[in-house]
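These notes open a run of structures that come right after.
Two complexes follow with chain A in common, the first pairing it with chain B and the second with chain C.
Then we have the complex of A and B:
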């Protein structure tokens, strides 16, 4: 297979937290006097949105939207005590928009359907369909000025608020109060996504995967990011969107002055010029 | 050895760098890319830009023993100072006894891993102190370390990743570490371009590698960097040097090259094939001399075919060509 990079669509935008945002550190150790459930922060102590969180959530939403969440199209990614604990979509269809954009893992995979029939199934290698993942999602860094002095007055920590949540144990009815840290509504993050445009054995992607990616952005706006989404957390909106195209020949220049191919305040105003 | 155009390429990381899962050692040296890894990264990027047949032509040059370009391994830079590995077998006690290196106890000497390139090339013209794993001119210490204890390139952080079942929403959490460079620190390497007609293409491949990222978890943005090319020369390009130190991994091409290694360390390079066709397949392991190995003369090293038996899509190579730095006259090695 011959895969050639035609160019890159670079999507620069801001992610606005419409409601409070909780992307946990996943740290279960409780510091005495600390917050049980803190948000991810960079080396300078500022909250950010990890590229992996954005990518993982968008992939999951795309899988549903593209009709890929079916036992014969899901693979077992983690099994626990003989059960298919975590299943996600992955396949060997070279034209699959989900795998084409978000990538395929190497190695052998067992579908959920196969697993249910035979937990020891050997699985199948998708290597023939493996091409470099088109999408790169970078960490989105907090725009400090988006947290205004007025907002800061209501914050418990420098950039975040801390809420008490009362979880009631369903069996014992005992209250289990727990602190949870959130990035406040109104905070904005600077985001960058890259969609590679390939020519695979002579066939050019064109804007196919860029359009699919914009669909994934729209799906995320109608869902939520991070934890406690069902309680209203994590609604986000993409604003100040700018898409530039970097042709592969631009890499031969010392620096390139790229002109945007699309610019919009929000996703519903975004129009791609066809070329 | 050819004498092409030499560049010092600095990599300013715009995102953290993922440390290999297997090498979960909290040691900054683990985040450095060896010359073979860097070379395959560049060649993969080249292939993505120019396709299979151009890449095969490029590879032919390496196999015909006239490499179109050469690279060293990556090494640290901090605040505009470029470091190289300490030569294996450098007699630091001698320099201490001469009064050039001031230490409280000899244990500090053992910790030294990096020295400024110019200090090595001019055989330590100043007075020095140890700051962690770096040897620094005494009057420069203030520039790097407030505590006067260690020099900091950045820090290791642990990142959590979660995978979620599509139907039940049950989750699985796993962790890996990554390295965040301080804004004034990063990695650099030497690039020597021997085939001038390919200069722009090779630089383009390195710029693309910067956008794609080096190391693990690239599609989540990790390991991306901005490359800066600065023309450079080796100040003491001296054909009569008594010793040469390698800034790359070296797989000797002959018995003579093995014998000329005076002070050395040996590493085993193994792992998975990384290319468009071969993900997740183990390549053959190779033993190589590490960076810092000192040779008594010029060696070339070689490109080793590490294609696994059942793999037919393409050949797989380990680039272990020597990138040498001539050591100055009078440099003191242990036993000399």
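Then we have the complex of A and C:
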């Protein structure tokens, strides 16, 4: 397969936490007096949004939105005690918007349908369809000033708050409290995404995958990021969006005074120019 | 597979009666100052920062705080040092007909100091109410759990081996709504609300009504009093009636209908709900439950001649009867009582006899349980019941 890099769409924006944001760090630290359920932080101790969390959530949403969540279109990514524990979509369709944007792996893959029939099925190699992943998601760094002094005065920790929740027993009404750390609503993060534009066997992507990526951003706004999203956390909004296109020839020039191809305060105002 | 609509919708909460979602630690008396009709909540960071060089003030303050705040009046101390508490307060709240302040205030949950209603509270309340709408076979599972906890308690000589009252309904919950991975509640997503200003919040006085020998009394610590003025007051921050809060909500088809993995709530519901859209179906269910619950409470308060509360509930019933298809009433938060949060509404004397053995910490009178209610007072008079909100899904 012939793949030529035509250029890169660079999407810069801010991610605003509309409600508290909890991206867990996996609870591998045990501190005396520490929080049970802490959020992931960078080397400076500030919360951030890992690129992997963003990309994973967007992929999952796109799988649903593109109708890829079917047993014959999902592959078994993690199995446990003979059961398909985690399945994601991956396929050999060269035009698949999910695989095309988010990437596919080398190696053999067993579909969920095959696995259910035969847990020892050998699976299939999608290598013929593998091209470099188009979407790159950077870690999104906290914009410190978005947590104002007034907010800081009321926070339990330097950048984050502790939220208490209860389970209530439906027979005795006894409460069973738990706590978790989260970034307060209003916090903003600086995000950057890159969507590569390729020409594959003479066929130019154009803005196809950029449009698909914007679809994924919209899906995320109507869903949630991080944990405990079905009960409050993780509503996010993309703001101050700027999309720049860099043609591969632009990289040979001395300076890049490129004008954005689109600029908008929010996704609903974003319009891509067609050229 | 038909694509589900991905778009989330907006919910609007209109607070109908003072609503209190309890926050973390109680606010102690040295943390607030009463001035006229308002309570000012002190910002200690700012207070210390601005007065760091007044050594004797810092000494006096730390002495006062180290005694646990008893016999320490921060208002006097601040006045002595000519410090205006209004400049050192985080926020102020109006005292809504509070007659007697107590030593502590139940705080409202806040995010970085701002008032809001957590999605978890609204979702939890919806789950509670949906549970009350289950068909008889499922309610039976809770009764079975209670019986089995009762048997275990009887059989265990050592109290430590008995069932933890926090987890009595665990089996029933899992049989009905499955594990979190397979629960229909996965398909109900509710965000936190936006923030409301402190002008939309106030400080409320709550007293505990207790039925003793068929008569209304008021809880006053060791005794129960006829005169509510002598009763204990619980002081709490709450959101005022009339306040509106918005957030986003997604009620997916699978929540109601189910799918291969999840059995939807529709097949489990015992009340009459016929709507086909997920939003309207949920609203139907919640309306039916609220109506039954309110009616039972009206009967209770009528029996004990609490005309004011009966009229408050009658007003709620009128609101309920005039709701649109996308609206429902629900009770949430602090002081809303045993019946609002459990399936106890279906229990009788036999159940409460068992519950008394299982939950030894609570006072359970099988003949009449719950026999107490927490009511909001205004200017020394019974006013209303806390926590009723109207939810509109747009």
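In this text, the second predicted complex is superposed on the first by the 260 of 275 C-alpha atoms of A that agree within 3 Å, B and C clash if a C-alpha of one lies under 4 Å from a C-alpha of the other, contacts with A are read in each partner's own complex, and residues count from 1 in each chain.
The working rule: a contact is a pair of C-beta atoms (placed from the backbone, for glycine too) under 8 Å apart; a residue touches a chain by one contact, two chains touch by 3 or more.
This structure is a prediction, so every number in the text was calculated from the model and none was measured.
Of the two partner chains placed by the overlay, chain B and chain C both lie in contact with A:69. Once the two complexes are laid over each other on the shared chain, residue contacts for A:107 go to chain B alone; chain C is not touched. Contacts of A:45 after superposition: neither chain B nor chain C is touched.
Look at A:139: by the touch rule set out above, it reaches chain B but stays clear of chain C. By the touch criterion defined above, A:18 lies against chain C but remains apart from chain B after alignment on the C-alpha atoms of chain A. Looking at the shared chain after the overlay, A:86 reaches chain B, while chain C stays out of its contact range.
In the superposition on chain A, A:130 contacts chain B only, with no contact to chain C.
When the two complexes are laid over each other on chain A, chain A has residues 64, 69 in contact with both chain B and chain C. Within the complex formed with chain A, the chain B residues making contact are 15, 48-52, 154-155, 157, 159-167, 170-173, 175, 180, 200-201, 203-205, 207-208, 211-213, 217-222, 224, 276-281. Contact residues of chain C toward chain A in the complex are 1, 3-4, 6-8, 23-24, 43, 45-46, 90, 109-114, 116, 118-120, 123-124, 128, 131, 142, 145-146, 149, 165-170, 172-173, 185-186, 188-192, 195, 247-248, 250, 338, 341-344, 355, 358-359, 362.
Residues 1-5, 8, 24-27, 40, 42-43, 50-53, 55-56, 60, 63-64, 69, 74, 77-78, 85-89, 102-103, 105-107, 127, 130-133, 135-139, 192, 194, 248, 251-252 of chain A are the ones touching chain B in the complex. Residues of chain A touching chain C in their complex: 18-20, 61, 64-65, 67, 69-70, 147, 150-155, 161-176, 184-186, 219, 222-224, 228-233, 235.
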